[in-house]
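Multiple structures follow.
Each of the next two complexes has subunit A plus one more chain, namely subunit B in the first and subunit C in the second.
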Partner chain A sequence: MNWKEPLLAVVLLVAAGVAPFTASTYSVEVLILFLINLILVSSYRILTTTGDWSLSHVVMMGTGAYATALLSKWWDLPIFLTVPLAAVVAAVVGLIVVTPLLRTKGFGFFIASFALGELIRLSWIKFRDPFGGARGMIGIPSGEMWEIDFFEPIPYYFFVLVVAVASLLFMYRLDHSRIGKTFKAIYTDEGLAESLGIDVQRFRAMAFVTGAFFAGIAGSLLAHRLGAIDPKNFDVNTMVYLIIWIVVGGTSTFWGPLIGLTVMTIVFEWARPLLEWRPLLFGGILIFFLIFQPGGLEGVFAQVRDRLAARRRGKADRTSAGNQES
Partner chain B sequence: MDILTVRTVTKRFGGLTAVSDVNLDVRDREIHGIIGPNGAGKTTLFNVISGAYAPTSGTVTFNGRTINGKKPHEIAQLGLVRTFQRNAMFPTYSVLENVLLARHLQAKQGLFKAVFASDRKQRAKNLERALEILEFMELIDQKDTLASSMAHGHQRILGIANALAVEPKLIMLDEPVAGMNPTETALVTDHIRRLRDDWGITVVLVEHDMRTVMGTCDRITVLSLGEKLMEGLPGEVASDPRVIEAYLGSDEWDL
Partner chain C sequence: MDIATLIQTISNSIVAGSVYAIIAVGLAMAFGVMKMANFAHGEFFMAGAYVVYVFYALFGWPFPAAVLMAIPIVGAMGVATERLIFLPTRGNVLAGFMATAGLAFILQVLVGQTWGVGLMRSVPTPYMGAADILGANIGWQRLLIIPTAFAMLGLLWFFLYHVKAGKALRACAQDPETARLQGIKINRMTMLAMAISGASAGLAGALMAPIHPVTPYMGHGVILTAFIVVILGGMESIAGAVLAAVLLGFIHTFVTTVSDAIVAQMVGVAFMAIVLVVRPQGLLGRVKA
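Right after this comes the complex of A and B.
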């Protein structure tokens, strides 16, 4: 295993631990949303590694959010139960959604996933009881733990940080496990993977359900923070943001979507004064990347790294001329 | 001993009967050729055996088990692995990564075990076996070459190496020397023979190129218009008047 990734992780963790104390309350709120979105964007990448670009992923997040609202209201469950239970609910809904979707592929999958997602979202609008209709649900508790009130941003920030780190660690391990490799093999050549003994449908379902599980966690954390959710939070606008993050970052490594989200969050905050021009800016960025840098920022990093390595190798060759053995 | 038996298999596509009432017996450790002019139903029969199509009627038995109705991945797991008419490799991976990936695909473990358990031992074993396979297929010198940048003949051999990662008892090859020059053809057929001779693997060879089939196969089944014309030794097939008649006027066959 290489040492760079763990080192980077430690540096980031230290930075994440210090950050809220140096930031304004507003910035801490931004950081909380950022951490939640890290889970979301990373969970979405699991699906894309099999080639299944779903348009229902933020609806899976919404499922986690609505489940959280209902679990808190009906049974008054504490936050350390609502978060995992909401994830399980999202995973179960994910399994129900993906079952018919497995019959489709590529563009058909894309469109069908949108239709099924909308069906769920519209049912939140249609069924006022219990989902609250178009206005959504309000009064979702912020949660507390060990008598620490999570209404306060900094304690909640650390709660979300712990959940995010655990989630990302799981997804990182998954990506590097034989299951993650299987997902990528299916994407590369489904027929070949099948001929080598892979149950393609089962693994596609596994990717979708695991993605929904973590999207459910993100939704639950979001619901507790916002205190109120409505169907608009999880509509196609939000989905487009998710796609922008992941396209800007790239999907071929675990880090790509995380880089994309980080950069786009900075751009988003920086462009705050532009107000209604922001969608235009974001649309422009999306199109720019699709046309000129389809591999995302991750691809840029890889190119720079390769070029540096080539230069270093060139230097090494020149200095070690004479003892080529090593 | 027969390792693969096909009994009265018929496959219809709407009104068209692509394979009609075909019987096939493949003995353990033989190289069995399936030949016939274009449209004879070779690929269709192949797809029925490998599970890509369910037969309209008839049965397929492999190693004592009925396999018709099973899915392709289940049949592969039982030890009957196919290759494709196209290339059967992961183009963006190196040669070694290809076979390693094919090995990884064999592990049967759940999500949580895959994520939490350390699989160092399994990885070491997979690496060892992958190198063995590459050594056997004489690809070891190219192990770090990107699959997509290899010569065509070597890509086909890598496809066979990937299939070997499944530890098959029988390999079905669909036109493995299509589009190759004589040198490449000789290289590939040499490897096919060694599969049987050194590792005891049964081979079913669907082939267009007559010379390859005659020189490589132990026994040959001839298909024509979806029906089985005859079965026999290469010499018997080449001199059979029915076979000659079936290919008269078919320019692709020069017996």
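Right after this comes the complex of A and C.
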């Protein structure tokens, strides 16, 4: 049996439980954003397994964020309701968006998804009532639960941690389920998948909507933390950063995007003094990976493992050969 | 809407449609030949505008000379993009598309750091005054775009249908394998396609420099329009792109006149979504066997 993955998960969970108590307030804020992005990047991977690299995914996250803002400001809903409801809203919007998108594939899908995402984003700018226009929405409550104020970073960190672990677990199970395998079958050979009776369009839509649902959760958590959101938070620049995370990590396994996000978050924090030059650095990294390491860091790990295994096998071969001689 | 406003709006629509056509033709052509999907096409447009800013506003060259300079400069950027990004990622549309998204970041930063990010660069209007057509005032600067677009598209049409290299380019777009069997060098054709693609985006940016705010991020608004036009036109069809460009020019301008620019963009995208549902192959696209 595969014991490495559960072990790794336990180690990570313990580390995540201890981390906020050893870190500064600023670092806890970074960790909260990291966990939110973890949900986002994992949700995006669901789409990429079918080959549909949507460019509207951060807009789906934004839909969750705006839904949260409206739900908590208008109806004073508590945080344990706004997060799931925002996810449902994002999923419904995702379902509407994906309907015309299913008519397209490849490049057409990318640019049409970009255009439809912009349509949603433009509607936030256009309709100042209720979305606040270009300046966005402010005064979103940080939420509270059992009298614990989530304005404090550490309690909110643990709330986000619980939601993130639950979301990741679900997505992990999905990835290994029959549905997850069907997504990959569609990407590998659509014609073959169709000839086996797989309703390709239905599964593509399912991947898109599931991705939107979890992006909505990420957006909701983000809105509660930032307290203010505006359409610029969810523009194409953010989308390209999401693509950079996932390309750097790789998409062929569940862990790839998580590795990519971790590494790029460290690089991002490290490159903070470079401010204006940071997009150049990240753009360069993106191009580098796509050309020289299309499998991402995950691919690097796999190569190293294969090489080590080959060397071990080589040694074993040599010893067995030596044994035969003697 | 009185007659003057109507004429004004129609002529503005034709101007907008001409600009969209110049931009989108390049995007469609690059995708048609060996599936080069360029996310940085809007940044090529931006680069064209900056060429005019540098040569015309800073160096004091005559405006037409500055515009002509944009063609080889941005064309060369297209060729460089083909060599450095599309060639190594050939066969993977997604990788090329994402890598050019990285290129867009790089170009934005380089331009922003060289000429400043904050304020828009002001390019003085070279041709003041306006034509008076039945009471409608149309600036010469805008009107100038229409014959330029016609000349450019005419030249392109002549090149594609009456010049050997252009015919080779079309052959390559239709079937690269068979084209190769006829002795057409695919690598030359992809470079040529990206040269034309870059040059057309650069030309559009150069023409728009005096009437469009010149900023490192001006490509963003343009790329959305170009994407919509290319989808409406049927992805690879150049004639389709021209038709869709004119159509979208009218939609955008009329909606902007009666409402505002944001609503115009929204209507454009919604129109695209409807076309995708009703006619996924685009206005002039053919269903692939």
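The working rule: the second predicted complex is superposed on the first by the 312 of 326 C-alpha atoms of A that agree within 3 Å, B and C clash if a C-alpha of one lies under 4 Å from a C-alpha of the other, contacts with A are read in each partner's own complex, and residues count from 1 in each chain.
One rule holds in what follows: a contact is a pair of C-beta atoms (placed from the backbone, for glycine too) under 8 Å apart; a residue touches a chain by one contact, two chains touch by 3 or more.
Just so we're clear, the structure is a prediction, and the values are computed from it rather than from any experiment.
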| item | value |
| --- | --- |
| First, second, both or neither for A:I229, with subunit B first and subunit C second | neither |
| Touching partner for A:L286 - first (subunit B), second (subunit C), both, neither | second |
| Partner chain in contact with A:L35 - subunit B first, subunit C second, else both or neither | neither |
| Contacts of A:T104 with subunit B and subunit C, given as first, second, both or neither | second |
| Partner chain in contact with A:V59 - subunit B first, subunit C second, else both or neither | neither |
| Which of subunit B and subunit C A:L119 touches, first, second, both or neither | second |
| Touching partner for A:P294 - first (subunit B), second (subunit C), both, neither | second |
| Residue ranges of subunit A in contact with subunit B within the complex | 170, 173-174, 177-179, 181-182, 185, 188-189, 191-200, 206, 210 |
| Partner subunit A, residues of subunit B touching it in the complex | 50, 71-74, 76-77, 81-84, 88-93, 101-102, 104-107, 109, 111, 114-116, 119, 162-163, 165-166 |
| Sites on subunit C touched by subunit A in the complex | 31, 35, 37, 85, 88-89, 92-99, 101-106, 108-110, 112-113, 117, 220, 224, 227-228, 230-231, 235, 260, 262-263, 265-266, 269-270, 272-274, 276-277, 280 |
| Subunit C contact footprint on subunit A (complex, rising order) | 51, 53, 99-101, 103-104, 106-108, 110-112, 114-116, 118-119, 122-123, 125-126, 236-237, 240, 243-244, 247, 276-277, 279-280, 282-287, 290-291, 294 |
